[in-house]
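The structure appears right after this line, and notes come after that.
Chain naming follows the written order as A, B, C and D, and within any one chain the residues start at number 1.
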Amino acid sequence: MLQPQAFFELARRYRVVFFDAYGVLKNATGIIPGVLDAIHRLRETGVDCIVVSNDASRSPEKMAAAYVHPVHGALITAEKNISSGLLASEYLAAKVRPKGQVAYLGKPASAHYIEAAGLSPVPLSECTGRDDLDALVFLDDEGFDWFRDVNLAVNLLRRVNIPVVVANADLTYPVRDGEVAIAVGSIANMVQQAIGKTFVCFGKPDVQIFSFTYARVRAEHAGITKRDVLMVGDTLQTDILGANKFGLDTALVLSGNTRKQAAEALIASSGIIPTFICDSIST
Amino acid sequence: MLQPQAFFELARRYRVVFFDAYGVLKNATGIIPGVLDAIHRLRETGVDCIVVSNDASRSPEKMAAAYVHPVHGALITAEKNISSGLLASEYLAAKVRPKGQVAYLGKPASAHYIEAAGLSPVPLSECTGRDDLDALVFLDDEGFDWFRDVNLAVNLLRRVNIPVVVANADLTYPVRDGEVAIAVGSIANMVQQAIGKTFVCFGKPDVQIFSFTYARVRAEHAGITKRDVLMVGDTLQTDILGANKFGLDTALVLSGNTRKQAAEALIASSGIIPTFICDSIST
Amino acid sequence: MLQPQAFFELARRYRVVFFDAYGVLKNATGIIPGVLDAIHRLRETGVDCIVVSNDASRSPEKMAAAYVHPVHGALITAEKNISSGLLASEYLAAKVRPKGQVAYLGKPASAHYIEAAGLSPVPLSECTGRDDLDALVFLDDEGFDWFRDVNLAVNLLRRVNIPVVVANADLTYPVRDGEVAIAVGSIANMVQQAIGKTFVCFGKPDVQIFSFTYARVRAEHAGITKRDVLMVGDTLQTDILGANKFGLDTALVLSGNTRKQAAEALIASSGIIPTFICDSIST
Amino acid sequence: MLQPQAFFELARRYRVVFFDAYGVLKNATGIIPGVLDAIHRLRETGVDCIVVSNDASRSPEKMAAAYVHPVHGALITAEKNISSGLLASEYLAAKVRPKGQVAYLGKPASAHYIEAAGLSPVPLSECTGRDDLDALVFLDDEGFDWFRDVNLAVNLLRRVNIPVVVANADLTYPVRDGEVAIAVGSIANMVQQAIGKTFVCFGKPDVQIFSFTYARVRAEHAGITKRDVLMVGDTLQTDILGANKFGLDTALVLSGNTRKQAAEALIASSGIIPTFICDSIST
């Protein structure tokens, strides 16, 4: 079994570190104590810190607001908050005609990713009887009436054949007091299974979010290779599986989904093997 | 390819005929024209007519009310309306302590199947914080707030380990104007996948509904064998697959889910082969 | 958590006990020590003992030969060895024309279940170019060349639309020294996924094997109900899940697949809850 | 419905065209007539032609040998034959210690992809009892005894926790006379399901093969964007789905898996929508 090691000593050996957000930097009560100091210290040694998360509920600007150190200021700025929402946005820009009409499920704030593609977001609930839509996007689990709008989505997609994008493939996400909530990826899967179509889904463990982020990193860091990047995550089936496959070194932290007592058994039963294990990024 | 044949001439050769309800006897606007006369004629020749349906939204008494002939009266009485709800009820009676508390998702009318087991139904939304429940049942897609109650179900089942029953395994059901609605089976699948547990699911194509119905038939018809029973349905993946496996002859009717032009290709691609094909039961 | 209890004191309260074979009565080295005495003792108190197993590799007569007590003679005779092979046989008798030609994958001994249906077994390897077959049956993982015959099966089923039966749905089975072997259910699943057709699969956890066995029991034991039957198995996902669903009491034994240290966690994570737990049937 | 258009007029508008191999450039009898002339003509207009295929059975050099024009010579050289085998090779180089021992299933020729990573290939059949292996790779469906070696793989992976790579995710591949053969992706899936572990699988529709190829293209073509690349394939579920998701324009050709009569219905039922349709690349 892998022995947990000190995060800072490990991470300083890399030029860039990718962090999952929930369970690594944050939990349901906010930023995990010690995390802002740990990120600051790492940046001081010259390591570039980037968040890579399955999330399309808020814009990169709003995500960045969480990572402001009380003394040292902004640590992870908007352009270093890479989310599955950005991939959905890039896809829509490539595949939908300019100024196209895109129906969505989610909060108005999540519609940012449609507007960023130069397209017009329309809440699905305002699309009744419209067959002129250019795409449908599952953005977030909040902001709509599930019963009404899931049934609207099913029947819209039985009538018209348009691209369907799932901007966050996660099945659940953590909320307060150890509870979880159904994420929009679960809702999209339910609709896919009910109608037998194949949607375009973004988010870890799919490697596209890593290739998207790595392309940005290469533009900024001359001569960088995958050996220079470490992915840090709390979940074997998304963070570790996807980054392993993309060819990065991986560190499983035990501050989120994967509890210390269960880690060894989960690694053995799943066959998903992180390169390293750390208790948390602040220890 | 199988040639469609006249239903009455086919069905009169059997002692008992099992009918699926939606797409065979009813559609979204009510009883399909000609069906009541066809059932009456079959009963007059001595053939026992039984409905076998995936449904837990109403009691057998309410189901029976749909099959009353304007001249000849009740054609398919309550005890001949066999639904997946009855199997859920039998399961609960066997597996839950007498007078146990059973949380449910569905309309109050669907709670009939919990009361019929001698148990106390409690809407899931009234169970917040209760860890003394004996079982959870997915009964119907209506009668609750999906967002609130699906998330309640997920967190309840992460806290306590109780039997979970899905009283209707269907993914969708037809509504008006060619539209469909998400059925409770889809919602239950979403929760199963989100939490990684295995629920007990009732309804075609699973054979238990056929063995349940056949046990009742044997008690009433001395010396009957499976060769004396015909299953009539409009869906290959549920009605025909399940009844074939149980060893019954099967007739696919083209009045519902399976359109005439598509039938041959669907049979070839699925490998699910009905014994007979009929246009409808009234032709 | 359930506390393990003494098997004999538990089992004697039932009129009939169903036993899984591997992991309960036998293991890779033969009958588990003490099992024959335990069965004899139970039978002496008037409890009927029946084996219910996923197996189509040998006839009931050959299965019965394993359960002969050195002093008291045959304990579980052929007609009390109920296997998924019998269900396949019953299905073929109902669905294939008399004296039909049935291709099979398996050892010649497994072809017993085709002959018992009054049909002619033909090894699949002798069917090249034949389009006159009436069915195909996956019986056993041995007795054929996997590479040659799996590819023959794939192409046969792309050419002709015939019923396909899987006589044992298990994915693996135990062999010596803690190793397992791929069972014929895995091979059949691979072919199903490659060609997109739906096969008819028999074996626990599907309830049909329980309803088949229970029908035999009712014919022999007047007035019996499901409350009078206990299912004993070593595997949550097959023995316990299926028998629970059929409405029987269930006892998980820790002498096979489910190790004592893991039982509690597996029950909690799967949500499959046995009525009782016993260390083994001989303790 | 999309109208088929002339391939050359379409393709010349791009700077780079990615081609699937089987069903587009080749079929079971060899290169499709007219294809070499079509590729030559496209290259003459300055369009870069690259093969992107799910294959790990032969080295890029051997793949390139198929694309030699009788008059104009080599059209698609080794470094322009991008296969899922290359991704497996890159993964092994990143994740296995230098000179590590890698067990494989496949022909000796497929072991090229292990050697190219600087590692030592060992046929799985020679690994009995060895627990010092560094990885296992599924390379090809030929070159080993399925029965013996699939069971060896299952038991090896139950004993040791090592990375497992599937170098070709396809379920089947075309052989002569309209027949298909089970591909190594099917075999790997069977093993995954039997033991419950998660393997690292390469090949379309997964986007990694597109991001790998696109990275090479960017190094060679200054200022290129995804808008300058067209993916041409015969299969909706792999070529079109994956390239759409990666953000490329896509052309479905009707010379392989997808027959002209079925194309419209398949696009509507799957929801996978190519940007263009062409009869073949030589018309």
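Just so we're on the same page, contacts are C-beta pairs under 8 Å (C-beta built on N, C-alpha and C of every residue); 3 or more make two chains touch, one makes a residue touch a chain.
These figures come from a predicted structure and were not determined experimentally.
Chemist: Name the chain whose C-alpha centroid is farthest from the C-alpha centroid of chain C.
Modeler: The most remote chain is A.
Chemist: On a C-alpha centroid basis, what's the spacing between chain C and chain D, in Å?
Modeler: The separation of the two C-alpha centroids amounts to 40 Å.
Chemist: Just give me the whole-number Å value for how far the CA centre of chain B lies from that of chain D.
Modeler: For chain B versus chain D, the centre distance works out to 44 Å.
Chemist: Line, ring, star, complete or other: which one describes how these chains touch?
Modeler: Contact map by chain: ring.
Chemist: Which of the chains touch, listed as pairs?
Modeler: A-B, A-D, B-C, C-D
Chemist: Quick one: which bits of chain D touch chain C in the complex? Just the residue numbers, please.
Modeler: Checking each residue of chain D against chain C gives 141-142, 145-147, 150-151, 154-155, 158, 171-172, 179-182, 186-187, 189-191, 193-195.
Chemist: Enumerate the contact residues on chain C facing chain B in the complex.
Modeler: Residues of chain C touching chain B: 90-91, 94-95, 157, 161-164, 196-200, 206-208, 211, 226-227, 237, 241, 244-248, 267-273.
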